[in-house]
Amino acid sequence: MKRLWHKVAAVGIILVVLVLSLAALPSCKSGPQAPSEIVLGTTMGLTGAAAGFSQGGAFGLKAAVEDINKLGGVYVKEYDKRIPVKLVILDNESDPAKAGTLAEDLLTTQKSDFLVSPPQWPQMIAAIATAAERHKTPFVGFAGPFEPNQALRESAGPWNYTWESGFHIGAPFTPGDFRNVPGYTMMDVWWGFLDKYGGQTNKKVGAFASDDPDGRGWYGAFTPALQGKGYTVLGADKELGIAPLDTTDFTPMIKQWKDNNAELLVGNAPAPWFGTLWRQAQTQGYRPKVVIAEKAAMLYSDVTAWGGDLPWGIAALVEWVPTIKAPGIGDTTPVSLDERWKAATGLPTHQLVGSGYCQVQIIIDAIEKAGTLNKDAVNAALAQVDLMTIRGRAKYDQFQFSGFPIALGQWFKVDTAAKWDFKVISSSHDFYPATAEPMYPMPYK
Amino acid sequence: METPVLSVAGVTKHFGGLTAVKNFSFDVQPGEAIGLMGPNGAGKTTLVNIIYGIYKPDSGKIRFRGSNIGGLSPHRICHLGIARTYQIPQPFATLTALQNIIVAAIYGRGLSRPDAEKTAHEILEQLDLSPKKNTVTLDMDEVALKRLELARVLATRPSLLLIDEVAAGLTEEELPRILEILRNIRQAGVTILLIEHVMKVMTEAVDRIIVMDRGEKIAEGNPGDVMKDRKVIEAYLGEPE
Amino acid sequence: MKVNPFRLRGGLAPLLIATVLLALFPLIGVPQNWLLYLFLFFIYLALANMWNWLAGYCGLISLCQPAFIGIGGYTLALMTWVGLPIWQGLIAGAIIAALFAVIISIPVFRLSGIYFAVGTLIVPELLRLFFLNWRPVGGLLYGKGAGYAVKGATTIPATDIYWLTLIICIGSVLMMRFILRSNLGLGLAAIRDNASSAASSGINVFKLKFYSFVGSAAITGLAGAAFYIQQGFIEPTSAFNVRWTMVLMLATVIGGVRLEEGPAVGAIIVVFLHFLLARYGGVSLLIQGVILVFIMLIAPQGIMGSVRRALSHRTPHLRRQPARTRG
Amino acid sequence: MGILLGGLYSLVALGLSLVFGVMKLINVAHGDLVLMSTYLAFSMMTSFGLDPILSLVIGMPVMFVIGFAIQRYLLNRAFKISMEAPLIIAFGISIILQNFYQIVWTPLSRGLTPSYAMLSFSIGGLNVPLVYGLDFAVSLIVMLALREFMKRTYVGQAINAASQDRGAAQLMGINANRVYAFAFAIAMVLAAIAGVFLGLTFPFTPQSGVSFLIIAFGVVVLGGLGSIAGTFIGGLVMGLAQTLGGYFIGTGAQMFVAYLIVFIVLGVRPQGIFGR
């Protein structure tokens, strides 16, 4: 008899805990759907491997939300009033397996009206996009390079509610698009630099990429393009230079590049990955004349972590710098935004602040265009967005992708406490002026 | 002559530099009860472990009803009809006495659950354990555990039973009962190999005694004769080590 | 007391009522986030049950559960790429995970006790590295480190996923009930208590452990595949991640290892932490780690173990753990 | 090159092997404890400009005390609970440490970069980084020193005895709990040395502990659990497998080849190549 009692008690406790835990989650404060605020939700890795990356993007999102709320919120015609914006950020600890459930949580518990995302890993974008599609909620995110994200979209889709922005690696824009001019694809930006100095090298290239969607997207697009321009990419048929994210020993590939005297070293990989490679290259005595390390050399905190003089002279895409001439919300300018970042964190410029900021500008524009918070109406309005943001002009193409302008920068040694400064060395845009002459060849001590 | 139930022929086992069992041979005939005795460390338990497949002998053969059982795993040996008890009882500590026996009846004899339960009750009755059938064995005393050990192995319905000390720790009053139990087991047709220190049990329960010292057989014969053997007395008294 | 196979011979009624109630949730307009929490709860419970089966009842501390989860997920994703329906992918995920368990059992079953744990820990890492270098379908932009999308995952409604995981979860609960009350459970209890004695009572120790390992792998693979339907995307590093092991252990240990209802209580708490702590980024895992250590030291039998002890008058055997024998 | 790297691997694995040999515990927090030393050295380098290798003068005693405390106050209690309790507690410690590092030192990738970390010397046309050479030399020295320590000192002999047989050691009048605590503390000193040289060789993040652990596991399994010489040789095999795998199959397959060898060895000889 006592045993039956155990059973009843056990089941009772399970049910009570279950109900209590569900009730305790703040979701249950559901009231009438008065649009007292517009909730923008996002999940990103505030901790874990992606944290350095997310820090700037998250700041940009928050700054934009502060700015719009300073103006009283977003004007929504349906209610003829300004509605303030609330931003909810859930930390997925840089774990893609967590991103999926948290994205769902954004829509169910947090009651997000719309989803946004700063630049982050394709896996995270995929997780949010999947949730957005299930709940038919517009998602405005910064995806980075177009090609791998388009591949993802094609295989995982349909993603009718996902609107991504970034830049193209090499794929051309549709005829008639205003972006069919120099300065909108990574290749184009690189040619601006390589056409000038490549001829002074032996045109032998060591190409590297991390084994992830970004890295593969780059490798697949760039190695043929480089070869088309008369460069020799060493071991391209054997995918020499592609290595998994946690690789610790790069000496086999470095040895090949060095033995074949590759005077250019170019690629796309995360910062720690490239930092290890580059350090081993230095101890091996491999000294190419040109180094372009996409993604790896984007952030100040990343390159300083390599230590020594390793960042010196390394080039990468300029995603966003405060010298861009572009509008923010209210009286915010790129320079004032950058100052806010520096004041808040004590760190030098973070390039992804602007990329985060512009996502909020886009969704606000779409809401105002739609004049309602109805999700389908806003989704339709997103297709009509044509807006100058702090990151450049935003306009979605038939792939629901908005390519932003880019330029090339290089890390300079400076006398400030920060020691390193990222300067624009080559640009086709008048609103994105070059601020320094390129260093060629790579400076070594 | 009948095929011996158990035939141990020239078995030797070394552990490192130590020879635990040395060229040991004996046969056990059907229905017989044999005693194996010897001072501590003589290698008795090792010999049982070799028979039961826990250790592999370095040389020699072990036959059960004429077929070689060397190298078989313990559960196979159990299925052939050999059962053993441990010197220190090894019950399934979180199960009740009844469940302990049911496990053996199901897995050792292949009974269905209801049949196993019925058999288990019978065996518990037989060994005076019925009052404790629902006690978790972790809470049982040493004497009861000794019997439970015997009960468990009986549930596998062995034709040969290797008993490693059943009477140790029993009081003088409890001895007759355990002797009776052993007699009952024999009457059911089970052949017994008994390791025991309690002389009274040895002399009353077995037909033949084999004496072992430092891995070797030093005497064999009926209980009365063996007890008078000079080598046996020396083995027990000569060197206390 | 830990396993008392004749306990709770009836008692299916509460489970049945709970199942029906849970199955009705999506239809009676329960808030959507409940369904989300329950979805994760179902997955975690199924996974934790399977780990409890191995670690709690067989004494096999398996650290390779992420391998089965990842294999389940990958099988599902790849099946959608060759155009097979999702439900076939699910079943295939379970089958391939079980087959994989059969293969790795050859080396790992030569190890016992703590060596078994070491051996199994390497397996997910080995698979992670394998999948980082493997691209069975798709072009340059897919597979290897880039991972695969589960095609068509966005078209499956959240409620369908909810029901699917409910079925898997209840399946795992019933399976545990059945096992613990069957001869298999009795045999496993015997092995766990005393392996050598079990062998000499006629139990084929290897066979029982092997069946458990493979069975657990199958359900774990199934639950893993179901998880990736919701996730929609799989790549090697998160699929074969030690974090899964953390979740399973946490759920089982908090609730009470070797207790049937332990994983259920533990899974509730883990799900709760999962969502609650996402708002306190940075300290979330730290807190989980502290909880794990704390519970292990203060209440090694977990919450339900302590509750049972409080309810039970027959305390001695609950306090004392049996001496574990080396298998 | 692989052999030199293997020296480092065996250094990382040594503490794990010792703890396993003595108390039959798989210390899954080993990688994170190694990382603690790396971060200590990093902090001392960035705040006081102290050379990472010199910082071991502080790092080793600190790690000794931490090791003693963990064993004394956490694991010792866990051993009394059940077989799996220490394993689960070590798992918890690992998670706690990882997140602690993340909060204190941020999740960025760091490196110990004194000027000599970039130097290299050449043997037969091959440029070998100076730190690789240091790794190997230090691991050899540490290995020999540990052997002598175990042979000649009382504590060493006691640890040895306890690792052979706890019961027997207790009969000889050795307080096993104390010996365990010492063994763990010594393992942490080994971890301290390993941590600094790892930091000099590879960049690290708060998550790096897991990969260190898995490498160490591979080494220990290859070499046989609890054996010093075996650990050393296991490390060399691991390093060699990694490098050769890299040369013949591609960088992506480096560690895969190494683990595959570990797994095959496990299947064929569970006690390791050199285990008893």
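Order of writing sets the labels: A, B, C and D. Residues in every chain begin at 1.
Going forward, contacts are C-beta pairs under 8 Å (C-beta built on N, C-alpha and C of every residue); 3 or more make two chains touch, one makes a residue touch a chain.
Values in this document were obtained by computation on a predicted structure and should not be read as measured data.
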Separation of subunit B from subunit A in steps, with touching chains one step apart: 2
Which of C-D and A-C has more C-beta contact pairs: A-C
Rounded Å distance between subunit B and subunit D, as computed from the means of their C-alpha atoms: 48
Interchain centroid distance [CA atoms averaged], subunit A/subunit C, Å: 35
Interchain centroid distance [CA atoms averaged], subunit C/subunit D, Å: 31
For subunit B paired with subunit C, centre-to-centre distance based on mean C-alpha positions, whole Å: 42
Multi-chain contact sites of subunit D, meaning residues that touch two or more partners: 99, 102, 250, 252, 255
Touching two or more other chains - residue numbers and ranges from subunit B: none
For subunit A, residues that touch 2 or more chains besides their own: 47, 211, 244
Chain pairs in mutual contact under the definition given at the outset: A-C, A-D, B-C, C-D
Contacting residues of subunit D [partner subunit A, same complex]: 1, 5, 99, 102, 106-113, 115, 117-120, 127, 129-131, 202-203, 205, 207, 211, 242-243, 246-247, 250-252, 254-255
Of subunit C, residues touching subunit A in the complex: 7-8, 10-11, 14-15, 18, 31-37, 39-41, 81, 129, 132-133, 138-142, 144-151, 153-155, 157-158, 227, 230-233, 235, 237-239, 241, 243-244, 261, 264-265, 268-269, 271-272, 274-276, 278-282, 284-285, 304, 307-308, 311-313
Contact footprint of subunit D on subunit A as seen in their complex: 47-49, 51-52, 94, 211, 238-240, 242-244, 246-253, 271-272, 275-276, 279-280, 282-285, 301-302, 305-308
Subunit C-facing residues of subunit A, complex: 2-11, 13-15, 17-18, 21-22, 24-25, 27-28, 30, 43, 46-47, 90-93, 95-98, 100-102, 104-105, 107-109, 122-123, 126-127, 129-130, 133-135, 147-148, 151-152, 155-159, 210-213, 215-217, 219-220, 244-245
For the subunit D and subunit C complex, residues of the former touching the latter: 24-26, 28, 74, 77-78, 81-85, 87-89, 91-96, 98-100, 102-103, 210, 214, 217-218, 220-221, 225, 250, 252-253, 255-256, 259-260, 262-264, 266-268, 270
